[in-house]
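Here's the structure we're looking at; comments come further down.
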Amino acid sequence: MKNENLYNYILGIADNSLILGQRLGELTGHGPSLETDIACTNMSLDLFGQVRSYYQYAAKLKGGDATEDTIAFLRKERDYVNVLLVEQPDRDFAYTMARQFLFDVYHLLFLQELQKSHDITLTAIAKKSIKEVSYHQRFSTDWIKRLGDGTTVSHDKMQEAIDSLWTYTDELFHQTAADKAMVAEGIGVDVTALKVKYYSLVNAVLEEATLKIPESKWFQKGGKKGIHTEHFGYILSNMQYMQLAYPNMEW
Amino acid sequence: MKNENLYNYILGIADNSLILGQRLGELTGHGPSLETDIACTNMSLDLFGQVRSYYQYAAKLKGGDATEDTIAFLRKERDYVNVLLVEQPDRDFAYTMARQFLFDVYHLLFLQELQKSHDITLTAIAKKSIKEVSYHQRFSTDWIKRLGDGTTVSHDKMQEAIDSLWTYTDELFHQTAADKAMVAEGIGVDVTALKVKYYSLVNAVLEEATLKIPESKWFQKGGKKGIHTEHFGYILSNMQYMQLAYPNMEW
Amino acid sequence: MSEEQIKNLEKQFEERIARDEKIEPKDWMPDKYRQTHIRQMSQHAHSEIVGMLPEGNWISRAPTLRRKVALLAKVQDEAGHGLYLYSACETLGISRDALYEQLHSGKAKYSSIFNYPTVTWADMGAVGWLVDGAAIINQVPLCSTSFGPYARAMVRVCKEESFHQRQGYEIMLKLTQGTPEQIDMAQDALNRWWWPSLMMLGPTDAESVHTEQSMKWKLKRKSNDDLRQQFIDQTVPQAELIGLTIPDPDLKWNEERGSYDFGEINWDEFWQVVKGHGPMNKERMKARIDAWEGGEWVRDAAMAHAEKKAERKIKQAI
Amino acid sequence: MSEEQIKNLEKQFEERIARDEKIEPKDWMPDKYRQTHIRQMSQHAHSEIVGMLPEGNWISRAPTLRRKVALLAKVQDEAGHGLYLYSACETLGISRDALYEQLHSGKAKYSSIFNYPTVTWADMGAVGWLVDGAAIINQVPLCSTSFGPYARAMVRVCKEESFHQRQGYEIMLKLTQGTPEQIDMAQDALNRWWWPSLMMLGPTDAESVHTEQSMKWKLKRKSNDDLRQQFIDQTVPQAELIGLTIPDPDLKWNEERGSYDFGEINWDEFWQVVKGHGPMNKERMKARIDAWEGGEWVRDAAMAHAEKKAERKIKQAI
């Protein structure tokens, strides 16, 4: 494949949205209130919408029989390159919101840079997505504050969620080979440059939410290399079930 | 296929063990004590052992490319004919034991009749299985008594589990078309004839366990016709994952 | 108020309805009108919310991204319908918490159809086509019902439901254009959902309560049996168009009536499900109660936070 | 006891060990011997129990019935090992509950290798082949350790581990005889498990504590570095035989030493995992604690029931 770096680069962006969208979709109908239920479903919808744009572009680059669906559903576990953060389970609503917030802050910073890309397709997707993701970030930020600075129970749950998920934040700023190649071509975003701003934004919200900023300097990685946590296989077996059980059909 | 009734009859027996074995296997490593963990894994092992014997026989009847694994893993959701009871989730250890007990009592009665079958393969499997299933029944019966006549907490949990699962007991005694054909040939067991004994055995244990015998006369059915509860699809997507994702390979 | 005054008010009220004027929340209304509307609208709202579950069951397993997005959007719409139906209910002076309490305790009902499991992907087609189809037939007349907030909600709901119904039908269409396995899957879904869909239009007129009063208040404009006939007459040709067979050997066109004759409905099954003993009644309630109880600390926190914020504002203002 | 008496007992004790006599639970033993054995045996037991989790992760997804049965049996064996190692520990006067408490609080360690995730089916092969392989190398010398119950437990454990190791290797063999996808899967698993397996043999001798004392008590008979070399020398030809490549560019046969030279181990990673920050440390502990805490009511009920039964027996006897 020519443009293999670009192809891989796109997956590196879109797989995050795919898996986070999948996680959010699992919650539909089970939210703590009708309003949060609708909001989470809505974020899932937005993310899958973005995923479709990215994968359609990737499928075009790949050519042959590739479609948005073969890319979404017909890769093996080691070929998905989402960060570990987005595959973490919804232990409770604090985890859901903490995961969302820790990803949203990154996602928005990333898209703001991506809209300056030399690749006009990516620029267009970024511009469209920024509006959606700004809303996500506002929503999750509000909930960090509500739960952090709500009751003692909610504070403790939110602190636990932040403490647990913190270990997955550093990976957001790891550069892959495809990243480096695309940065060099003026197409990709240099994620390493987002790190300082990210933590300063995140920390400000945590402080306002009366939460402690985790101090651990140990971080997990692996997702960007396709080495996932044990949660991932179960996400995959559901997500891929129909395409695997009924191959080569139209739906 | 000649012997189609016999083939379907075998699935009607073995699918129960397959799905119950699968459920028990999910618990491995998560039991309330090491001893119960080992026992549940052991029952899972026994059941899968039985499943292999049944499906190997079924594969021989089916011929062609059929193997124990194609039968176990490559059917669609509507083609599995296990009773709804065995697919119910492990909400807690009381549910696990109640499900086990309500199935074991039936299973043992069934095998005791099956060993009189005119089909020598089934007789042989039945004889071997009786020993294992007698142990299962003793184990689950003991736990019904322990939890029913243990603490207030355990009593209530066990009562809730029995009350919830009771609705799935009646289906054990529904005759399928394959059942009827095999009974007529002296191969199959007339499950309708086991019902009175079943409830008398079950009720005696519940009474000893200081549990109330549920009074509801409403029962669920569908499993024997391949219409499962919504839990089933998720069992399937995990169980089939490898065979679907990597078709036609040796392991 | 004297009895005469009340009688007078009631008379004016009935006249307004007869003139097709809308009743608004702040208008005077008989208590029975209020209670009947709370009952029906909340039942409708509950149906939307519980109805999210059987379809939600396939979100994680939708076969394509396009279908996944459409399914998410559909289930989200249902949540939206629930939201404005609950709001319409609240205008009559009952809180959403109280309505949930009625649902969870089993006091309030919801549409029995959602007590059946969705076992294959084709059920996403069948539910959209048949269940939303039957819902529309129930609901279109309500767009001109007498209570303003309900009528306005229904206009919006019906518009979306009709989109959902087409979407469901399109899923079925696609399946019937597919492989033999897909065609079987579609037929199987139709087989399982057909009779429950007919039951959705309610018990036969002979067994139906509330009807007369509801007719007067335009909460009901046709009898259950008439609605059922309308649903059948509308749906049978749709099935034929995509090559599916209605699972009713007694179904046949009655030239004289200009309608389809159809077989006996299994009312025992209907009442079993209504009474709480359908295949999924317990699971559905468990899912709703778990969500509600599991979400209590979240709602409490939101409340506490809002209070803190308000206090801070007051302090700043001083 | 006077200090002299104790010294005397200690001397006799050390002489017994030197003569290869077994120490039994009821024998006199120095407190440090007791504590060291509790620490090591319980650490070993914990490793068996935690070690059930990464493999348990694939039980529901095993690719064939035969593999599923074998995997269940293997994980069950591990539970069994845990059981008799805990029992051996209990002979030294500590309860199983106290041992669990040490595990759950993080006071007791378990083998760090189980803090890596099992991400593909091939990991079931790699874990059996490499992890059980390294375990055997650690454990075979313990079959003749000085404490009787531990030595006897080890004889049984080693026999089963060696079966598991062959089973794991056979899974890898089958994969390498399969499709290119399967070969990749096997290689990928080797790539991920190789280095952690080397780390399993413990820190380099320079960094290792407890070694001297342990040697004397035959709790350790070779140094970590020697065991590691033995593991490498044994495993490299096995990898070659099935066409897999050890992921170490510095690996090469040293004719002079009659052993393989190998590359630098990433000890930072080792210590990160040991200190509780490996990929799965938190998940593993959560799973164990959830099982234990979630099972408390079950254990309480069993106890209560047993007491009731005993009381009834006494009443009958009176």
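Structure notes:
Note that the chains take the letters A, B, C and D in the order they are written out, and that residue 1 is the start of every chain.
In this section, contacts are C-beta pairs under 8 Å (C-beta built on N, C-alpha and C of every residue); 3 or more make two chains touch, one makes a residue touch a chain.
Going by UniProt, the chains are A, B = Phenylacetate-CoA oxygenase subunit PaaC; C, D = 1,2-phenylacetyl-CoA epoxidase subunit A.
Note that the coordinates shown come from a computational prediction; the quantities given were computed from them, not determined experimentally.
Hopping across touching chains, the smallest step count from subunit C to subunit D is 2.
When the partners of subunit B are compared with those of subunit D, the chains appearing in both lists are A.
In terms of C-beta pairs in contact, A-C outnumbers the other of A-C and A-D. Centres computed as Cα averages put subunit A at a distance of 41 Å from subunit B.
With centres defined as mean CA coordinates, subunit C is found 37 Å away from subunit B.
Shared interface positions of subunit A, i.e. residues touching 2 or more other chains, are given as 76, 233, 237-238, 241. Of all residues in subunit C, those that touch two or more other chains are 61, 181. Chain contacts here follow an irregular pattern that is not a line, a ring, a star or a complete set. Every pair of chains that touch is listed here: A-B, A-C, A-D, B-C, B-D.
Residues 76-78, 164, 167, 216, 218, 220, 222, 227-230, 232-233, 237 of subunit B touch subunit C in their complex.
Within the complex formed with subunit C, the subunit A residues making contact are 22, 25-26, 28-38, 41-42, 44-45, 48-49, 51-52, 55, 68-69, 72-73, 92-93, 145-147, 149-151, 153-154, 157, 238-239, 241-243, 246, 249-251. Interface of subunit D with subunit A (complex): residues 54, 57, 61, 117-120, 181, 188, 192, 272, 275, 277, 279-280, 282-283.
Contact residues on subunit B toward subunit A in their complex (touch as defined above): 76, 233-234, 236-238, 240-241, 244-245. On subunit C, the positions that touch subunit A within their shared complex are 49, 52-53, 56, 59-69, 72-73, 75-76, 79-80, 82-83, 86, 121, 171, 174-175, 177-179, 181-182, 287, 290-292, 294-306, 308.
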